[in-house]
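The structures come next, written out as structure tokens.
One chain, subunit A, appears in both complexes that follow, with subunit B as partner in the first and subunit C in the second.
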Partner chain A sequence: MFFHDLKYFIKCGLRSQDLMFWLILFPIALGGFFKVAFGDLYSQITDTSPIPVAVVSEKENQIFSSALESVSGSDDSFLDVTFTDRDTAAGLLKDGKVTGVISSGDKVSLTVAENGLEQTMLKEFVERFRLNEKVISDAASSDPTKIQQAVSALSSEISPVKNVKAINGNSDVFVQYFYNLIAMTALYGTMLGLKICVENQADLSPLGARKCCSPVPKIKGLSAALCGCFILQTLCMVICVTYLVFILKIDLGNRLALVYLASIAGGITGVAMGFFVSSIGSISERMKSGITLGVVMFLCFLSGLMVGNMKGVIAEKAPWFNKINPAAVISDCIYCLNFYSDYRRFITKMLTLAAMTLIFSALGIFMTRRKKYASL
Partner chain B sequence: MQVFKAFLKVLKKELPTALIYMGVFLAIAIGFVMLGRDGDNTFEQTKLYICIFDEDNTPQSRSLADFIGRNNEIVELENDKDVIIDALYYERVDCVITIKKGYSQQLADPSAEDLIENLKMHEGYDEALMDMLLEKYVSTVRGYSAAGNSLDQAVSKAEAALSDTVEVNFSSKEKKSGNTVINAYFRYLAYILICVITTTITPVIAIMYRKDLRFRTNCSGIAPTSYTNQIILGSAGFVAAIWLLFMVGGAVLQGGLYQGKIWLAVLNSFSYTLFAASLAVVLACFSLGSNAVNLITQVISLGMSFFCGVFVEQSMLSENVLLAARFLPAYWYVRANDMIFSDGAADLSEAALCLVMQLAFAVSLGLLAILINRLRYIGGLRKKAPTA
Partner chain C sequence: MENTIVKISNLVKRYGDLIALDHLDLDIKEGEIFGLLGPNGSGKTTTINCLLSLLSFDKGSIEIFGKEMTPVSYDIKKQIGVIMQNVAVFDQLTVYENIDYFCGLYVSDKQKRKALVDEAVEFAKLGDFLKFYPKKLSGGLLRRLNIACGIAHKPKLIILDEPTVAVDPQSRNKILEGIKQLNSSGATVIYTSHYMEEVEQLCTRIAILDNGKKIAEGTKDELKRMIKNTETIRIEILGLEETHLKEILALPHVYNCNYDGSVLTVSCSGGKHNLIRILGVLQEHDIAFGRVYSELPTLNDVFLEITGKVLRDKGNEE
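Showing the complex of A and B:
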């Protein structure tokens, strides 16, 4: 009987167009949209091409000219300099062709049209030049014999800063949207969980009423339905991850087997969560569906599906919540596989998912069992 | 007006969905307004979010930490690898600076390197700016030190010199019309208008044109033209009300009546609303259930929003994507919106072209709806015709 129920549950699930759309087609569509929107963004934010700047030479300033030469002229330079007159420079700034206008005369000054990172860097450049001038003039006034040492100290190529990259994996911040997309798909498994509840609760569907009358032990029927949901959700998760990795070419790290494992575990947790949430109370199927979807989307929002750095904000304000939010735990699993060479954090997250699945399933079964109806 | 009244009764049942969409949208918009007001026309330096670990813990290292904190936001983090990597990845901090042990001893030595470690996630301008700041500080101290000052003197003189910042001139431009918040508000309307109008109107029209209902009405004394007109009236009234509510919401967020170029944005949103209404009518022709309408609406609205520059600005999208997006009305809506809210005078002929394109989409969909209805009607007649 268990396998009979299991077989028909899977058949019904596969033929349910709504479920298959939300669990397979919607994530595929959303993944495609993410790829279109975020595909080039990371390369744009990490693009350090030379900052376009117009330079107006009001008076010959040999030192400043040589300073400009040292930071411009090649593709990996800091500045892309256009020497021009004041009016043309103003026009270029207005049209957005240059980030700022540097006027060099007795005093070097900077004009910008808006606030921003590139403008701040130009300010730093001008400030550094004026600072060097001041240090040299101070050295000249205090001890002229030390000017040369001061100049060589200021122009030293040796950097006091050692740059270290935090991770070796894919540091594209926009990939987190795909982690969260996987988490969302996993938690859409709640719809399958809801299906179990509706099809086994006599006051929610005629099928539930018929099942309640049948001599099959409820635990057997529920177990078959749960197993069926786990299988269906596993299929959906495999399709989702395969599509992201092999069709959209999203870099989810080089431990793909574990990414699949984490996604499937997340999907199973999603089903169990849906089973538990929809077992609460005897409200209509529509209301239960609304509540479970609302809960899922809220959890995904807090995990960063809509606002990328939301998980960071939660980590700052309520770090405990990221540890119990299923969406955050699922996306964290994939995140750790990308960033950490050891499995310590990954195992912790997987154990958390396993614990959630057990608790949700047990509570769901506990709340669904032994229900009696005086009339239907 | 019995049909009109019946339309309103059915509409009432679908209203909660529309209200939820509108409520969430307006709540988020209010949140954005409260978070970020536009600045005035003065230069504001970009602040980085920095975490500093001072392993040296000397007056010189503390002086460097004070210098970094002067123009940046200092974020306290636990000195734990997981916490640091999370904070960097989720952009709570732009970089993590570690002032190494022995920093003060080697500070004055021009040949000493790697005194400070800059841990970062990317190689962008943010990180380059941090390097510039650190190098500026250290080189100034070394310059004063090389000029014959003791380390303490060099540090204090460097601090004095570094506090004298360059004044940046802000080019005299007219203040951005309507500011960035209202620009974003109008841009996001491209998403929300479709969601609200389609998810509400489509099921209602589909119900009003349900086969059994139509058969019953056809037997009544109401002329089919009157029936259709009353439904059009009801739909138009609802669409106009939704559009007006969003316009009022925008005016409230802005803090007063729209002025100048923003009226063009209002007109632009109206033409887009017409498109959304036409889309709702086309979907209603297929007699879909509310769940199916919801699915299709989400795919269309999200798809157009991602492709056409609603969620990510058009300037950030690739050329190929923008080329494909030209075949979607949201592209023309966003393009007109960006033009209207850009600095300087809006190019009226360009904006008019965008409006015309949106209207063309609306008219095409309207014609498509008529065609589908005609085909279905003819198909229905053929089915009813007796076979020979």
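Showing the complex of A and C:
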């Protein structure tokens, strides 16, 4: 009976155009839209080639030379430095062969011809150097052997993108949108959860009434439906991540197997959440569908799907909420994989998802298992 | 003596202040086609939902096959086939898959199930539509699919809640024939409807519900005997005068007499030779008349007389 129920549940799910649209086509379309919208910025920020810069040395500045040395000279360096004179540097800048001209002397200054991401990063570099120059200078005068150590500390600050590259991950702000897209797709599993409720509660649909009249114990029917949902949602998550990584070429890091695992776990949590939310109260299917979708979109909004820095704002104002917001937990889970070299945070997030799944499923079953209805 | 299949005793169901079922008692015997008749909001569907343990009730008891019916009476549920008022099938499954799915909830053996599904397909005459999805079916076919899903497992008790709503006459006839066929193969049937002619054609015993109360119960003939009207006579006639009407009304067994200028309608209660006596009065006064009709009471007359001769819809009233 269990497998009979399961087989037909999966068949129905796969043939449901509504479900397949929201669970597969919509995330694919949105992913494509993100890629088009952020594509240019994305390619710039994920471009790991050094930024070409001309350096005009007006006066010997040993500290700046050391700093330059520490951020240039190899393929994955921050800067590709050309030492030249002022006129040649101006020509290179005019021809677009360098992004900016840094003049070093008593004071380090930057000249750029236009605004852009690379120019901003150069500006950031110069400003950070200026801020730290005094500290480095003091360190050098007290103990000249510490100059290299101080410069290294500076160079490690200059570019988060380059630092992350060191662990072969990708944590740029635009990829965050794709993390959130995965979280949203996972939480769209709530629609599958709603399907369980509708098809198993006599007060929600004629199908529910017919099933309640059958000799199949409710717990058995619900378990089969939950399993069916988990399988369907797993399939949807695999399609979503595969599409992002292999079709759109979004760099989700080199721990791809764990990204799949986190996405699937998120999807399962989404199903359980939908099952729980839609089992609350005795209102129409349409109302439940609206409420469920509203909850999902609200949670996704707070995790930064629509506004990139929203999660940061929540982290500042109500940090506890990011720990219980399933959308934030799912996107964090993938983020952790790319940002941290160890698995501690990832495991914590996965355990959080597992706990949420268990709690939501148990509460959903508890509320749906009722035997008789006061009204139909 | 026939076995009691369903016994409902003193059933009370309230929705707040509204009493949906008011101390209802029903005894349904094995092999019957039992009709539950009543106007909208009379409590027919509520009775069925309580019977199936879908609805909680405030008082009373329900026994099916001699055992108390509860939501976990799986052994009882296994022997019941339910065809609800609203079509309950999966839009994403084909006709065959739908029947197989619902049959599978009752019968786990695959081979046995296949044979049962094939029989149900044959019964509902759905053989040409096996690979159709419900959305592609006409209203009548959809109703037949709904019935096939409910009876495929060959239940001993079949409950049909207004299964012919919004169905064309041809499909309705097919459905009614099918129900008779199920009954003749041994199933007890409970049938709710507010289509009088269906109930009259189909049911061996009928209970009339109104405002949650059983106001009459019996066979068709027993019910017809409960009402005052036993014969309605209609005569096409011109130029009838008030004095003639008074004379007709004074005849034995005549209790009502109406004349609209072209048709005389006389209602009689009991007695024999009523028509001859009325025609005698007309001949006596040398009054010419046209076509003459003598009608026995229908279930519709019974229903309208017992429930108050007013069409009611609770939803609209409240």
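Rule of thumb we're sticking to: the second predicted complex is superposed on the first by the 244 of 376 C-alpha atoms of A that agree within 3 Å, B and C clash if a C-alpha of one lies under 4 Å from a C-alpha of the other, contacts with A are read in each partner's own complex, and residues count from 1 in each chain.
Simple rule for what comes next: contacts are C-beta pairs under 8 Å (C-beta built on N, C-alpha and C of every residue); 3 or more make two chains touch, one makes a residue touch a chain.
What you see is a predicted model, and the numbers here were worked out from it, not measured in a lab.
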item: Partner chain in contact with A:179 - subunit B first, subunit C second, else both or neither; value: neither
item: Partner chain in contact with A:16 - subunit B first, subunit C second, else both or neither; value: second
item: Touching partner for A:209 - first (subunit B), second (subunit C), both, neither; value: second
item: Which of subunit B and subunit C A:372 touches, first, second, both or neither; value: second
item: Of subunit B and subunit C, the chain that contacts the larger number of subunit A residues; value: B
item: First, second, both or neither for A:360, with subunit B first and subunit C second; value: neither
item: Partner chain(s) touched by A:8 [first = subunit B, second = subunit C, both, neither]; value: second
item: Residue numbers on subunit B that touch subunit A, as the complex places them; value: 39, 43-46, 82, 84-92, 96, 110-129, 131-136, 138-140, 142-149, 157, 161-162, 164-171, 173, 291-292, 295, 298-299, 302-303, 305-307, 311-312, 316-318, 321, 344
item: Of subunit A, residues touching subunit C in the complex; value: 1, 4-5, 8, 11-13, 15-16, 202, 205-207, 209-217, 371-376
item: Residues of subunit A defined as touching subunit B within the complex; value: 18, 21-22, 26, 29-30, 33-34, 36-41, 44-48, 90, 93-94, 101, 109-113, 115-121, 123-128, 130-132, 134-136, 138-139, 142-143, 146-147, 149-150, 152-154, 156, 158-167, 171, 173, 176, 304, 308-309, 311-313, 315-316, 335, 339, 345
item: Residues of subunit C defined as touching subunit A within the complex; value: 15, 49, 52-56, 70-72, 74-75, 77-78, 80, 82, 84-90, 92-93, 97, 101-102, 104-106, 108, 149-150
